[in-house]
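Labels run A, B, C and D following the written order; every chain starts at residue 1.
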Amino acid sequence: MADAVVSGVGAGLDVERVRADFPPLGEEVRPGVSLRYFDSAATALKPRSVIEAVRECMAEYPANVHRGLHVLSERATEAFEGARMKVAAYLGVDDPAQLIFTRGTTEAINLVARSWGKLSLRPGDAIVVSELEHHANLVPWQMIARETGAELRYVELTEELEYDLDAFDRLFDDGRVRMVATTGMSNVTGIRPPIEEIVRRSRERGARVLIDAAQSLAHERLDVAGLGVDFAAFSAHKVFGPTGVGVLYGRREHLEAMEPVLGGGNMVLRVERHRAVWNELPDKFEAGTPPIAEAIGLGAAVDYLEGLDHQAVARHERALIEHAHQVLGAVEGFRILGPRSTAGKGPIVGFTLDGTHPHDLSHLLDRSGVAIRAGHHCAMPLHARLGIPASARASFALYNTTEEIDHLAGALGSIKGLLRRR
Amino acid sequence: MADAVVSGVGAGLDVERVRADFPPLGEEVRPGVSLRYFDSAATALKPRSVIEAVRECMAEYPANVHRGLHVLSERATEAFEGARMKVAAYLGVDDPAQLIFTRGTTEAINLVARSWGKLSLRPGDAIVVSELEHHANLVPWQMIARETGAELRYVELTEELEYDLDAFDRLFDDGRVRMVATTGMSNVTGIRPPIEEIVRRSRERGARVLIDAAQSLAHERLDVAGLGVDFAAFSAHKVFGPTGVGVLYGRREHLEAMEPVLGGGNMVLRVERHRAVWNELPDKFEAGTPPIAEAIGLGAAVDYLEGLDHQAVARHERALIEHAHQVLGAVEGFRILGPRSTAGKGPIVGFTLDGTHPHDLSHLLDRSGVAIRAGHHCAMPLHARLGIPASARASFALYNTTEEIDHLAGALGSIKGLLRRR
Amino acid sequence: MDDPLYREEILDHYYSSPYRGRIERPDCVCDLENPFCGDQIHVELTVGDDDRIKEIRFDGKGCVISQASTSVLAEHLEGASVEEALKLGPADVVKLLGMPLTPTRMKCGLLGWKAIQQALKPRGAATV
Amino acid sequence: MDDPLYREEILDHYYSSPYRGRIERPDCVCDLENPFCGDQIHVELTVGDDDRIKEIRFDGKGCVISQASTSVLAEHLEGASVEEALKLGPADVVKLLGMPLTPTRMKCGLLGWKAIQQALKPRGAATV
């Protein structure tokens, strides 16, 4: 299936063939109204191969993994550990034991904040985040900061809402920064912080770096080893995989030093009445029955990603975001959050429409089959900075088309008329 | 589908119709060898309706829940919250907000140990568990005991490996017990501790009670409200649902007093730069994107359970365990772990076969399509008490038959021959 | 794309509600916020000696549904007894709006209702 | 139900291995345990001045695979150089057993191999 969309370097993406892989596209959401899905930043649609991988596991080898000696369990174990190896290959990690299956990005970041944080943070130490972050990359740090006496510092954005490397540098002046946790892509504005620079400067100054790749990974590979990050986290459901599973990457040296957060089966080598000996990586951090069918589905999602011509996808998504800025920007009263330039941003448009509340907007767009998000998108500090309580967001993925964006623009235009004061 | 197996009170279970609901039954695991699945205590098979519910969500409404205003998101939210209501009804809980979706039993117990434990345990306080417990109901308590200075106490089993209520009572002599955490059914011996008595006596003495219902819930309803337990935990995958999701029940008063363990999206009402305000129940404990398709699949599993004639299922499972004790017990060298009587135990047979290591046993049984487990079954303290490092386990569910058990008995007999010293 | 929820009558309540404003000396007030979208509602009421609501005014920012439903409610409740007002449930609000609401929109539609309930609660405490 | 892994030759290694036993004055020893099944292996070796393994003996409890594979390895390695022994990898053990192992069984099949490796490691440290 993935083969179908590899059309050779230089060729365009065959979007119609891609669309055929994602079942709800082309379906009617209500009679006569077909779906236009612009909510991939909340969760991506799933290709048939992922849905089939989950079904196959549930129907053909619904066994528990680890230490089962019967054929169903061996098959489940191989598929489950095979998924870990696929993720490792995709991220350029050569030791799959450095990848921990979690429920998602949120649990992964909490694991680092709690376990690494408890081990490493002293009163007065600083953790650096940015104004762009999702709550998943803020609240866990607030919690551990309170617990350890560390301090949370924010990289202020520029006037144009870009990541400000000078502001970043200044936070290091007193030499107290121990951790830099940054998103790979804002889920509100699509802005991509300069990850390479952030990683380089942080590590030079002795700080650890965590990349929240939840948004970025659907759009660009993350070269974990090449970048030299300490931790990275993502959720399967945003990279065309199932809900219920995500991944934490951690350098072996950190993961080995860290204490497990959850206790139970599989994470122990031995349990005596009053003490237990932890298992090796990755099991030490995977207590209990893991999300088996879900991890296997993630493996299928990685296969799907591997089968894509990444350059063609990147060109297609670039075309989408440029088109979006152009035709949506031409709608009367449309305001893009963040820079008007599409350079350095992913295919996400956060916006407001003058005189229209994002909720009404989203509600009315839904009447014509258009799915966008409205709200604070779990980024309240960013919205505080923007001075608005809520915004609307259209987010694109490889299966969207410029025609769909034209439809969105048209629909936005008629909403203005619809909500006009009469 | 579930309808098919309701055959009126008093009638027997139509096992063939039940079996038709579970896809891998009747399939060949290798040419000419069909599956005999005796590993339901590790994970239960999934009925078609559960598999279909997961597929439907992934293919037809693969949207994120909570605050999405488009039709796919509304549908996902309704199905997801609908699943919570189904679980509530099944457990006799009238306020669904007291049910937290977790990854499984393990995460659920960790949540209580960490959050309730941190709030409530003081140095010298005692937590009571039994020798029967799964590591999931031991290690989290060891961890919080170490952290808070509390003490972990074990209810010793009787000579016959039964739960000993006198031993239980003695642990309360000094009035330090704050928490009693007990399994509803041993995953090794099938023994069912006297839950009603345990709950009554614990609460009378001012201790909280947590029931680990991971094993018991596939075999008998848990009347959470009727029993008056404080907490209960189970995993979907052991009650015919998907992996990746489980449930914690907690009394509202406890859950409201407890601090969240994971920070991130959805569990907050408001996030400022340096502090956050927690959301209401159940969201306070559900940070990030939850296991959406998985919870919906659990909802379908509960529908399946609701559709069963529970008395007929109970009679069928009783017939299975009695038959198993009889025909397996007749195999030369077969030793049942725990009481020979089937009274008060669930359909689980832990055993050893003289002169045969459980691993070799399981390996060779697999050659004839028989799936059992071998190992310590995440119950090392129980095995230490038994004086053996590992055991074999055959566990049954409503879809097993006495003929299958005969096949197992026959296979065990020939293994003895196969491994005979020549 | 037309939606009967956003019909002229509702938009009138949104853009030019006669109940938007302040009362000189209110008997009870309440401020509420829906943190998910930042919708804010401030309500003020005066209550006569006969325990009937004399006047309701509101102020706030937010989506059409949150603001208009507050105005619709104000219209409905002026002149009603406190007891009647406190008896009003979510289903009644939906009926007044004339359209079913999805679970998410419900949060918008009930913001003003909640504010009025909370404003009146202390007075009706004995009956609730 | 027959399984070539449990053929007569392997069962002989399990029930009556000539390598089961102790050495009076071993040069190196190692104890290992597979906590998942409680399998235990104790190995002892003597090494000559020519850096060749003179004698290997083992003792232990566990499944056929863990015990027999240790015996098979002992047979293979007596007389081999320490260097050769340290070069032996998991794939070679599988070859000696003559049967592929599933991932879970691998842990049983490699227990003796690991014990021998660890027993010899200090001596071969320069080369590893």
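In the analysis below, contacts are C-beta pairs under 8 Å (C-beta built on N, C-alpha and C of every residue); 3 or more make two chains touch, one makes a residue touch a chain.
Since the model is a prediction, treat every value here as computed from it, not as a measurement.
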(Q) Nearest whole angstrom, what separates the Cα centre of chain C from the Cα centre of chain D? (A) 80
Q) Can you give the whole-Å distance between the Cα centres of chain A and chain B? A) 32
Q: Could you put a whole-Å number on the gap between the CA centroids of chain B and chain D?
A: 39
Q: Provide the C-alpha centroid distance between chain B and chain C, rounded to the nearest whole angstrom.
A: 47
Q) Multi-chain contacts in chain B: which residues touch at least two other chains? A) 67-69, 73, 270, 359, 363, 365, 374-375
Q | Residues within chain C bordering two or more other chains | A | 36, 105
Q: Could you classify the connectivity of these chains, where an edge means two chains touch, as line, ring, star, complete or other?
A: other
(Q) Strictly by the criterion at the top, what is the full list of touching chain pairs? (A) A-B, A-C, A-D, B-C, B-D
Q. Touching chain A in the complex: which residues of chain D?
A. 35-36, 102-105
Q) Which positions of chain B touch chain D when the two form their complex? A) 357-360, 363-365, 367-368, 374-376, 383, 388-390, 411, 414-415, 418-419, 421-422
Q: Flag every residue of chain B that touches chain C in the complex, lowest number first.
A: 66-69, 73-74, 77-78, 81, 269-270
Q. Which of the residues in chain D end up touching chain B in this complex?
A. 1-3, 5-6, 8, 11-12, 15-16, 36-39, 62-65, 105, 108
Q. Taking the complex as given, what residues does chain A use to touch chain B?
A. 23-24, 27, 29-30, 35, 37, 39, 42-46, 48, 50-51, 54-55, 58-64, 67-73, 103-107, 109-110, 113, 134-136, 138-140, 142-143, 152, 154, 235, 237, 242-245, 261-268, 270-276, 287-294, 359, 362-363, 365-366, 370-375, 378, 380-381, 384
